[in-house]
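We just call them A, B, C and D in the order they show up, numbering each chain from 1.
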Amino acid sequence: MALDKNGIARRIAQELRDGWYVNLGIGIPTLVANYIPEGIEVEFQSENGILGMGPFPFDGEEDADLINAGKQTITARQGAVFFDSSTSFAMIRGQHVQLTVLGAMEVAQNGDIANWKIPGKMVKGMGGAMDLVASADNIIVAMMHTNRAGESKLLKSCSLPLTGVQCVSKIVTNLAVVEIRDNKFHLLERAPGVSVEEIKAATEGELVVPDHVPEMKL
Amino acid sequence: MALDKNGIARRIAQELRDGWYVNLGIGIPTLVANYIPEGIEVEFQSENGILGMGPFPFDGEEDADLINAGKQTITARQGAVFFDSSTSFAMIRGQHVQLTVLGAMEVAQNGDIANWKIPGKMVKGMGGAMDLVASADNIIVAMMHTNRAGESKLLKSCSLPLTGVQCVSKIVTNLAVVEIRDNKFHLLERAPGVSVEEIKAATEGELVVPDHVPEMKL
Amino acid sequence: MNKVVNNVEQALQGLEDNMTLMLGGFGLCGIPENSIAQMVTMGVKGLTCISNNAGVDDFGLGLLLQNRQIKKMISSYVGENDEFERQMLSGELEVDLIPQGSLAERCRAGGAGIPAFYTPAGFGTEVAEGKEVRVYNGKPHILEEALTADFAIVKAWKGDTEGNLIYKGTARNFNPMMAMAGKITIAEVEELVPAGELDPNFIHTPGIFVQRIFQGDKFEKRIEQRTVQPKQ
Amino acid sequence: MNKVVNNVEQALQGLEDNMTLMLGGFGLCGIPENSIAQMVTMGVKGLTCISNNAGVDDFGLGLLLQNRQIKKMISSYVGENDEFERQMLSGELEVDLIPQGSLAERCRAGGAGIPAFYTPAGFGTEVAEGKEVRVYNGKPHILEEALTADFAIVKAWKGDTEGNLIYKGTARNFNPMMAMAGKITIAEVEELVPAGELDPNFIHTPGIFVQRIFQGDKFEKRIEQRTVQPKQ
């Protein structure tokens, strides 16, 4: 059975390593914070200016001066720190953040990503995404394998305006875990009960399938 | 009579304007802080990271963590602020400092200044001087008119390695106030009792002398 | 010299049509509410606004947009404002979208006298069009230029009569860099205190960057996305 | 992950001959005394040291110079150290003198992922030799590149177990930028406190930049120029 958003977040959380600083994008990536494995400590950076982001505040305790990059009210953990936007992107551009998780509209088999613009339609802007993808060594994309029209989002090449080039390391979708290497998608894991055939059918780009594709352990 | 160091500082202090931020170099420039005219408030910036520098501390109250760019123990005034070196030079490079006063070994009639190096002999380094002279709009040099060998320090062109090019606006020496304009020295004022002839004799570069050269009022 | 002005009217004196402004804030967090309200009252038009976001339809810069006072926006993300999107798609509004980190750094550079710098952000995208590319450490970077403004308008938590500012929590965001980059920088603060009351070791924006300061009449501090968990 | 190490020996593990180091401080103010003493004990040689100054003959980096442990200094001002001047004039020591503001900004750039930037400092001087010149706003600027280091060693007033640091007075100076630019950054602090004890709003160096932290055994905090006025 294909994963839901929480399932994708849960699988991505397995990629976390002790001591990492992690930037989570808006949407599914935000949910990753709910599934940190036992015995591991990570710090979440939000590019609007906090390191050590905590959970949502209790009802009535929200503070207009304490939000995340999605403009949601949050809390600060013990040992948190606030800083300005140029310091925040110094952390990101200077590769002090070990993992970036973000959503995408399209990913190409060479690692290109498109997630900020649909010409003539959507003009929200790139926010911090272009800085994040251009800088981070370790980028995981969290998204559905196909769009609402049922078309693959894992493509030979992106059709939408790019956010960054050759930057995505891994993709975790509702169907699979896919690694990008040598300009190809490499199938690493299947969602529980999802067949290799289903994944192949939902992937437009070149997909390398090993003899044995293990099921995700969640 | 030619001015002493305090006299030079006193004359330069007349150039201060209310509300200015001022960077004073090591040596004579430091003394300018002792002669701020009545009714004027200025803030002194020291490039090692303080704005609002106060006088030397009372004996026994000195703090190793509170020094100026000359490594001297100082105090902080009410409303002072400490900052790091990159912020300090953001202030300087970004032209937020209205006046820079520094010493020199040589000044040329085109505004070039040399004050950091004597080849094969002195290798102290430029410290913040190159940033200061390259950035500031308003640079006053405080120095003796001649060196210890009696040679002019106001030259046609500098013989020593340059600190900055075409940057000095004004020079206040023990003998005169000289402005630099159109690649010439312009004599503005004489030290009390010093004749135009004496100043001419001590100036190697081209000196424009108006019909009337007033005496400094100290 | 006295930097303290009595009210927002005095603070914005000299702000005219067709000027370039920087406005601090991230979303509705840390925005100069009082100054924006005053700009609506003044009716200044043809403004170029450098601001990470464009407010929402009925608050923040959205108020100036509704009023057609803005000619051009320079931002990184404008997703929460329908009127913005309408004006942009119809071509009424010029928009320059810039990666958030580049926007922050370009403001800092403007204030710090650094006219240009290289960054990897945006290489290979439409952001890089017409920009110089250079490879450092095996990675292509694009050249970005500094931004400055006729007026930078920032919002701080506390300020003193010397113009020293401190911000609270994530309301800091773009305010410190923009404060550096204004020809004239105006700070509206929740609390104005005498010089000497703020600890000189913990000031976010040194007063040298601030030309005018005033205590705002009223801060609504609207929350854009109220996300909470129930008390257990 | 635990950033706290028990002592200076553990803090400097992996620091080897011929490495490039950054060391915070201005004069003798805010220098990592304990780490420098330990480097003398370790006897590491062939070091390239990026530090605004070179200490005095018998304190700070002067100790490493006396011991011939430094191959190259990258500094802005080295006037207070006779042994330095002797080694430099005799050619034993390589020296790269850099304008102070460019040194600070190059360290920050190294930590911030900005490989190069333009500055007016040094144009027309020997500092500009071999460097690209470009005119911005009618003024020539030179291109300066980022600096990074194998180890950055900084000294702070207080630090917490997350690596968050605060500095005191003018002992801040180069420490924050260098903390950003080390592959491994070591902080020695006068007082180490548990995470949560420092106000998150007033931290100078966020812990993300610090890999190892320890409380120094002893801080002499020597004063270079004791200037005082008599009590009246």
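To be clear about the criterion, a contact is a pair of C-beta atoms (placed from the backbone, for glycine too) under 8 Å apart; a residue touches a chain by one contact, two chains touch by 3 or more.
Note that this is a predicted model, so its numbers are computed, not measured.
Ranking A-D and A-C by contacting C-beta pairs places A-C first. Inter-chain spacing, taken between the CA centroids of chain A and chain D, is 36 Å. One finds 28 Å separating the Cα centroids of chain A and chain C.
Between the Cα centres of chain A and chain B there is a gap of 55 Å.
Our note on geometry: chain C versus chain D, Cα centroid distance of 33 Å, whole angstroms.
Within chain B, contacts with two or more other chains are made by residues 50, 76, 82-83, 86, 89, 92-93, 135. In chain C, the residues that touch at least two other chains are 105, 108, 112-114, 119-120, 167-169, 201. Chain contact topology: the protein chains form a pattern that is neither a line, a ring, a star nor a complete graph. Of all possible chain pairs, the ones that touch are A-C, A-D, B-C, B-D, C-D. For chain B in complex with chain C, the residues that touch the partner chain are 18-19, 21, 41, 43, 45, 50-52, 76, 78-83, 86-87, 89-97, 135. By the touch criterion stated above, chain C contacts chain D in their complex at residues 105, 109, 112-120, 134, 136-137, 141, 145, 166-169, 201-202.
Within the complex formed with chain D, the chain B residues making contact are 46-50, 55-74, 76, 82-86, 88-89, 92-93, 112, 120, 123-131, 134-135, 161-166.
Those residues of chain C whose C-beta lies close enough to touch chain B in the complex are 1, 108, 110-114, 160-162, 164, 180, 195-196, 200-201, 203, 206-209. Residues of chain C that touch chain A in their complex: 26-30, 52, 75-80, 85, 88-89, 95, 97, 99-105, 107-108, 119-127, 157, 167-177, 204, 221-231.
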